[in-house]
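Consider the two complexes below, in which subunit A is the common component and subunit B and subunit C are the respective partners.
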Partner chain A sequence: MFSTAGFCLISGAPDSRRMNSLPPPSRPPLRSVLLMSRKRTILGLDPQKLIKYFFGSNASVAIIVLVLIMVFLLREGIDFLPTYQRELQTYRRAGLEFCDIIDQPLQRNQALSSSLRQAVSASLETLSKPARDRRDAAFLLKRQVEDKTVQQRESLTQALEKTPPAPEQIEVFRRELGETSVAAAKALVYPAFFSAAESEQLQREFAALTPEVTDLPPLLQTLVAEFSAKDREARTKFAALVQAQEEFEEATEPLQEVVDELKAKALETKEKAVEFEVLETNRQRLLEAAATETDPKEKASLTKEAEESVSEAVNLKESIKEITGRTAELREQVEKYAVVIEKAAAVLPKEAGTGAARKLVNEVREGIPEHAREMRAAAATLEGWRWDKPVSIFSVIGAFFFGTQWITNSSWQDFFGFVPLLSGSLVIAAIAILIATPVSVVAAIYTNQFASEREKELIKPVIEFIQAIPSVVLGFIGISLVGNLIKDVSEWGWLQWVPGFPIQERLNMFNAGCLLAFMAVPTMFSLSEDALNNVPRAYIDASDALGATKLQTVFRVIVPAGISGILSAILLGLGRVVGETMVVLLVAGNRIAIPDFSAGPGVIFQPAHTLTGIIAQELGEVSRGSSHWQALFMVGIVLFAISLLVNWCARAVARRFEPHKA
Partner chain B sequence: MNPAPTNDNPFAGDNSGIQQRETAARWALRVGSYIVVLITLAIMLHIFVKGAPVVFQAKWPFVNTQFLTELPATLHVIEDQQGNHIETDVNGADAVKKKLGEDFRAEKTISYSGGGILGPIVGTALLVVVSVGVALFLGVACAIYLSEYAKHGKFLEMVRLAILNLAGVPSVVFGLFGLGAFVLTAPTFVDVPAERSVFSIPLGFTTLSFEGWDTCVLSGGFTLAFVILPVIITASEQCLQAVPQGFRETSMALGATRWQTIRYSVLPFATPGILTSSILGIARAAGETAPIMFTAALAFKDKLPWQKDLPPLPADASIFAHWEQSVSRFLGIFTESVQALPYHIYTLAAKIPQNEYAERAQYGSVFVFLVLVASLAASSVLLRKRLRAKYRW
Partner chain C sequence: MSADSTAQSTPPPVVQVRDMDFCYGASKALFDINLKVEYHRVTALIGPSGCGKSTLLRCINRMNDRVPSARVTKGEVLVKGKNIHDADVDLTQLRKQVGMVFQKSNPFPKSIYENVAYGLRIHGEKNKSVLDEAVERSLTHAALWEELKDRLQANALALSGGQQQRLCIARAIATVPDVLLMDEPCSALDPISTLKIEELMHQLAHEFTVVIVTHNMQQAVRVSDYTAFLHLGKLIEFAPTEELFTNPREKLTEAYLRGTFS
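Let's look at the complex of A and B:
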């Protein structure tokens, strides 16, 4: 009973065409004819349905593309982990890792000795600087004269070399050269530290310069001698420092020698192992081809080729013994080295020529014991090192995500560490967001709450227009305009209190951050403005009615009510900034290293590389399927994940602080 | 004993600084917003001042036709003994050197900076046509579904989420996707499948092989199409939604089917809006660099895409063979890799040593590029305004 009723209800649904499958006999024929005429079908399907499915399938394109992006990124990139695992395995088995245990901390030595060198040269300069300046200035002036007379000089040289010589031509050229030299020497500006007599003599000497005479003019010779005398004097005065520096530099030599020998051996082993691996995979491929081949003749030839290509496996165990066998020697050398440098630290004089030099020397004195400790600790771990310890997949994941080195095309070992790129990306994004947020929120508040209609019509289109500026154009602006601007500003005297000023590199993270901020402004501006627009009118009215001023209404009612939209606007701006490629590729300076955070806030003026930039820069140059290629796709996967995460966060924020709907 | 005259009006404004603070804050906000405007205008002005002299000239025809109609080439700068600089191309260099004879002093070559930028302009135009064609088809269909057919539910939510996420995917990731999907995997008809083919379906006379299209306009265009797809979908859906509900109801009430309603009562009113909004998509597609880096763009190419090198035909070749070659040349507009303006700018700015000649080429290209993109964006904005005024319901 019920089921019948249900059936009746369903068949009596608004779709009346279904009813004429069971036409009641009493119906007039016209109606059924009219309704029948519509009932065309294609492949048994209603055309209306087909049209709907057509549009529906197009709508699913967005989902399909998103899935396809994931699929293709994973297809090219997911093999990275096993490949990198194999590479790290070889790195360990061939003994490269063993060498790096000592070699890595030894790098510190270079930093320390360069500090010492700086200190020494600064100290020496206290005495020899005036003499050196005079010498250098004289040589510079000579160069200027020579530059001005280069054409005449060339002509004269050519004439002199000509056979047979043409004396009258030489004479003409000689006179010309003499005239231009005199003029050039006269036009020079002689620095004040040359006395009037000296200036005059220099001028005379420069005017008499000819291409045949290679000896220096007498006064220049005097200046050179003056400088070397001063330099000797300075070296005797700071003898202790100079000697300590030399000793420190020499201390590393025996150890470095041993390490270099081991490194050469390890590298040889590694190359053999890699070669063997290539041959082996090639052989496997031949065998596979032979297995699927149907033609017996072809099959035989393939099998034969495969058998011929069998190469001798590298005996890793034997070759690693040659390396580990010298552990004791290596430890002994490290110990010796540590003792020597500690001694050098002890005899490092307290005195140095200048305050800066003293500071450097002190730093070195403090750094050396730590360095020695590190070296001893490294030497101690040598014993525990096992060549055949397997590299687990987790340590590979760790080596990728927490690795601090991104080194490619290296003759030693490629490392794909993620941290240098990520830190560059994050610092740049942070700078960009810190600049863009106040600007765009302020602009949004002003346009939404204070601006007159005419101002709105100016501000809104201009800001929206920024969106249409291609990123590569902004990158170009960063190179050609902003970089020079920042560099010039950083050299202004009264701005020297700013950390990092004057800056070294025109292209740096701050520059990229500024441009990215500019790019992010339109996104953040329009979304924030929407958020402010969506604040219920009643809130504003209520605030007005309570006697709040405009400013109070804006900052205590409207902005807090729209905060969710503003926050999600900032997050979406962040997504845009992290994912931007061309600006950072052109402007960020592309130095693959973790920014030196010990420089304090001045770190933002260092160059860096980014996640997006590295893909754009390196992918064009690597072969498909290599570990480098896969590593770049891994970076792409991470970027994709970051973009999804940022989007998800923005939505979550927008939901969480959803304004209390009026 | 008179009360102080200032306080007798209880409703008078309290002048204890609130007014000043209000005004100060208002001015601070105003300055903040105008900074952005000023920076934008300054950048535009800078490019205009540096770029316009490259593209325009003082004498007839006032436009540097060479710059706009020639392919990029290596610039040779020859200096004579008097210090004059003569600019010429690779063919002219020898003649100039011969003419100077003894007077010749030095020669400098600057890659990519000579000639003009016709190649990049053509390449960008082709990429834009392909990408906008694909994106408009997919995007408008998707928007029609979202606006006219979709009912609330899981599928709709997923589609919306996917569109949102697609809009946030970094452009370089699209480049990787295009490389993996179109350059290396997309299906194509070949006689013998390449080794990298994922799988192939023999069809008798030919083979459908999933081995990719290589770097070409088609790969780049499809990649760009997915970059601008979210823009087009969102814009089209807004235009469809703007058509009053009454139009649809009237049509349905007269007995039209859903498709007839869409075809005759919705689309005609939404199409102008969809087209103007998709101009923004064009501007975006023209401006993207990262997606075409690995899929379509070349740093240098001395031919236009339809000037493909083909083996010369024998004298007695049939008309059919000639026809086949012409078709193959014509198809070059899809199957050849091209230069593109943004990639050309990148090459000029990052890959060659900087000097005055390179700078001239840079600013010229940037100026032309920006004028193209900006006029597209501006026309979109203006047309939308006019449309809004026209269709006011």
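Let's look at the complex of A and C:
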């Protein structure tokens, strides 16, 4: 019935048209068409739907995996805060914090005295350097002769020690040694600051060297005496400086002694407390196991074991008294120390041997009052310190996000402060983006607007190929090539006006930034080029028709119209740079400290560590579940958040500046 | 040819095309074109799709230069008596004298003000008062000033299609060109907007010489003083509009006007 009706409906149509010369196309009866579609099912499902589900599930797998990653990161990392809170609490209760109040600012003393030492030795050298050079050169020459005659000397020594002595043999060896010594002494090059007579005498003395005589040859003795005299003279001349330096160095001793005693005590308490905590956790676990155990025998044994492991809790209140009880003494020592160093600063002479030394001395003179002020301020806070003040979770969050120290595996106290890593990452990313943005955007403009077809065919694949270079290979290049290159260039005389030159470290943030810029260029170039390509042809037509030159069209129409795409390309490049690990791990220098921004723009030539680098470097070596492990996961969470934020910004920028499509 | 006989008046033609052949690579697109465009008249180019009317229009401001293999192979194009293919012709100056409006409105994604001022800016005009004056004059000519004077800083892409096209006209006349080329300026617009632009063209003819390509014959009748009919790259007939439409001399023109082929 269906088939007849269907046939009539369909076959009626061609008849009404002009195609009556052709026979109507044959079609299967509608009934069989309808039934056929019902036949094709897989597991009772329409294959169309199955395919749809298959594609849909593939898309959702990506989303599910992303969610799983977030959940896993959070689960591992979020425990960090309570763990760190406990650790900081122990740090306070055991009195470590108390000691650090004085000990931290006291570190400054070392920097100051090292500056002073440098100033002193530079000053002394102005007088004693020629004498010292002569002495050192003579000793070096002597050593060279000895090295050349080492074989003969040994033979002779052995012969001399032999019992009974063999005089003929000794004689033979002695002659041999004499001959080689003469030859060796002759072959030496005598520096110009030895006069001809001196050179001759030295040569004679070296030729006469024998193993039996341990005294120095006479001229060498004279040279040593000359240096001592000069050194003494220099020390008299700069007596004030030398004395100030000695006083300054000694000033810290009594204070340091007290602090060290307190520190030892605090550490002892802390170790006991930690040990107790471990035992206690184990005991709790045993008890829990006993509670769930069904076998009465096992249960009894577990309970018994738990009871046996009960240990005595550390009486923190008692042990802290031993530390806080000495507050007054500590304050007194700090005051004494401050007075002594201030006095040293007052007698610190204005003059020093060289300009550099004078500068150092001035720095120290200005630094000491500040240091003394810091010490006094620290001592004043000792009274207000309470061992039982609870550590709030906010201060823990603050200690992580604003902490300036990342110290792990320390015998004293671990700190997980995030700022050194973040600052390293940000500075490196900023360098990379500052370098990569002009390069990639300009290259994109050139390729899109000015290059011939053949140039395009060359430039695009080559730049995109950069992406295929494994980052570890770039790391090699950074270590072996770029590092040396930057160091060599930084030593060129006419470039000394550049801040930070000459650089100290081959592996530094600038080096890493250069390589990361290189890695970011393909992303930024391709996306910028796409953005320019998407600028409607009509804009270019309009600009051309108004008589604009090529450059005017590019800079007044094409680039402004593509700016959203270019900005989002830069942001995506930034995301790539922040997340890159291998290059920064190999090249950034891995010094965990906040870069010294007081160095001005030269800061970029300092080494640093990064968020990604620290995870790669440390995660493999820490014990699972420890506070360090959790801290690294926290860093991972923050890194994840930064990447999400950057990507979101890139999308927002692309949407925000998108021109309305006309 | 018919073109010679119809244009005998003074002053001399502002655009003159002489015996021009035009090729895209090996294929010839225009054959032996002769055309004279009079000062302050509207000249319409009509013809079936692919007849070369847009190509002819684009020869006048050398927009075809951007197509790599396209070139004039014979004859010459004179604008105000100067051969525009001469070596000493500055393309930017030529295009300043010969403005163009496109089929689809294409304002820049900038403010209304900046769109109109663009032409002057690229030719080095920095004086704010000169720019302000030019923007007002051009928008007034384009019948947009009253509508838009209070929101000159708004984005041009926020305007309606008809406004956008009039803005493009304002932009093209801001540099005070001698000739204004219009390539099917109304084909993407609704009837009301089309009407406004047609009205505009009559007024523009007082100050500019207009050459318009259109596939709409009624539009050609309404707006133009002269009409040229092209077919398969050849200029079949060129005459005052009234004459061409009421009394075509060529059979081909008559057939096209009747609509017997398209």
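Here, the second predicted complex is superposed on the first by the 529 of 662 C-alpha atoms of A that agree within 3 Å, B and C clash if a C-alpha of one lies under 4 Å from a C-alpha of the other, contacts with A are read in each partner's own complex, and residues count from 1 in each chain.
Heads up, the rule we're going with is that a contact is a pair of C-beta atoms (placed from the backbone, for glycine too) under 8 Å apart; a residue touches a chain by one contact, two chains touch by 3 or more.
The shown structure was predicted, so the numbers you read here are calculated from the model rather than taken from an experiment.
Enquirer: Could you tell me if A:112 is touching subunit B, subunit C, both of them or neither one (first, second, both, neither)?
Expert: neither
Enquirer: Applying the document's definition of touch, where does A:68 land relative to subunit B and subunit C: first, second, both, or neither?
Expert: A:68 sits against subunit B, while subunit C stays out of touch.
Enquirer: Taking the superposition on A as described, I'd like to know which of subunit B and subunit C A:481 touches: first, second, both or neither.
Expert: A:481 sits against subunit B, while subunit C stays out of touch.
Enquirer: Per the contact definition in the header, classify A:536: touching subunit B only (first), subunit C only (second), both, or neither.
Expert: Touch partner of A:536: subunit C, not subunit B.
Enquirer: Looking at A:560, would you say it contacts subunit B, subunit C, both, or neither? Reply first, second, both or neither.
Expert: So A:560 only meets subunit C here.
Enquirer: Regarding the shared-chain residue A:447, is it in contact with subunit B (first), subunit C (second), both, or neither?
Expert: A:447 contacts subunit B only, not subunit C.
Enquirer: Which partner chains sit in contact with A:569 here, subunit B, subunit C, both or neither? Use first/second/both/neither.
Expert: The answer is neither, since A:569 touches no partner chain.
Enquirer: Tell me which partner touches more residues of subunit A in the superposed arrangement, subunit B or subunit C.
Expert: Of the two chains, more subunit A residues are contacted by B.
Enquirer: After the superposition on A, what does A:549 contact: first (subunit B), second (subunit C), both or neither?
Expert: After superposition on chain A, A:549 lies in contact with both partners, subunit B and subunit C.
Enquirer: Could you give the residue numbers on subunit A that contact subunit B in one complex and subunit C in the other?
Expert: The overlap between the subunit B and subunit C interfaces on subunit A comprises residues 549.
Enquirer: What residues of subunit C sit close enough to touch subunit A in their complex?
Expert: Within the complex, subunit C touches subunit A at residues 61, 63, 66, 91-96, 99-100, 102, 104-110, 118-119, 121-123, 155, 157-158, 161, 164, 168, 171-172, 175.
Enquirer: State the interface residues of subunit A toward subunit C in the complex, per the touch definition above.
Expert: On the subunit A side, the touching residues are 536, 538-539, 541-549, 552, 556-557, 560-561, 659-660, 662.
Enquirer: Of all residues in subunit B, which touch subunit A in the complex?
Expert: Residue list for subunit B touching subunit A: 18, 21-22, 25-26, 28-30, 32-37, 39-41, 43, 46-47, 81, 138, 141-142, 144-146, 148-150, 155, 158-159, 162-166, 168-177, 179-181, 184-185, 196, 226, 229-230, 233, 257-259, 280, 283-284, 286-290, 293-294, 342-343, 345-346, 349-350, 359, 362-363, 366, 369-370, 373-374, 376-378, 381.
Enquirer: Along subunit A, where are the residues that touch subunit B in the complex?
Expert: Subunit A reaches subunit B through residues 47-48, 51-52, 54-56, 58-63, 65-66, 68-69, 72-73, 75-76, 151, 438-440, 442-443, 445-447, 450-451, 458-459, 461-473, 475-477, 479-481, 518, 521, 525, 549-551, 572, 575-576, 578-582, 585-586, 612, 615-616, 619-620, 624, 632-633, 636, 639-640, 643-644, 646-647, 651.
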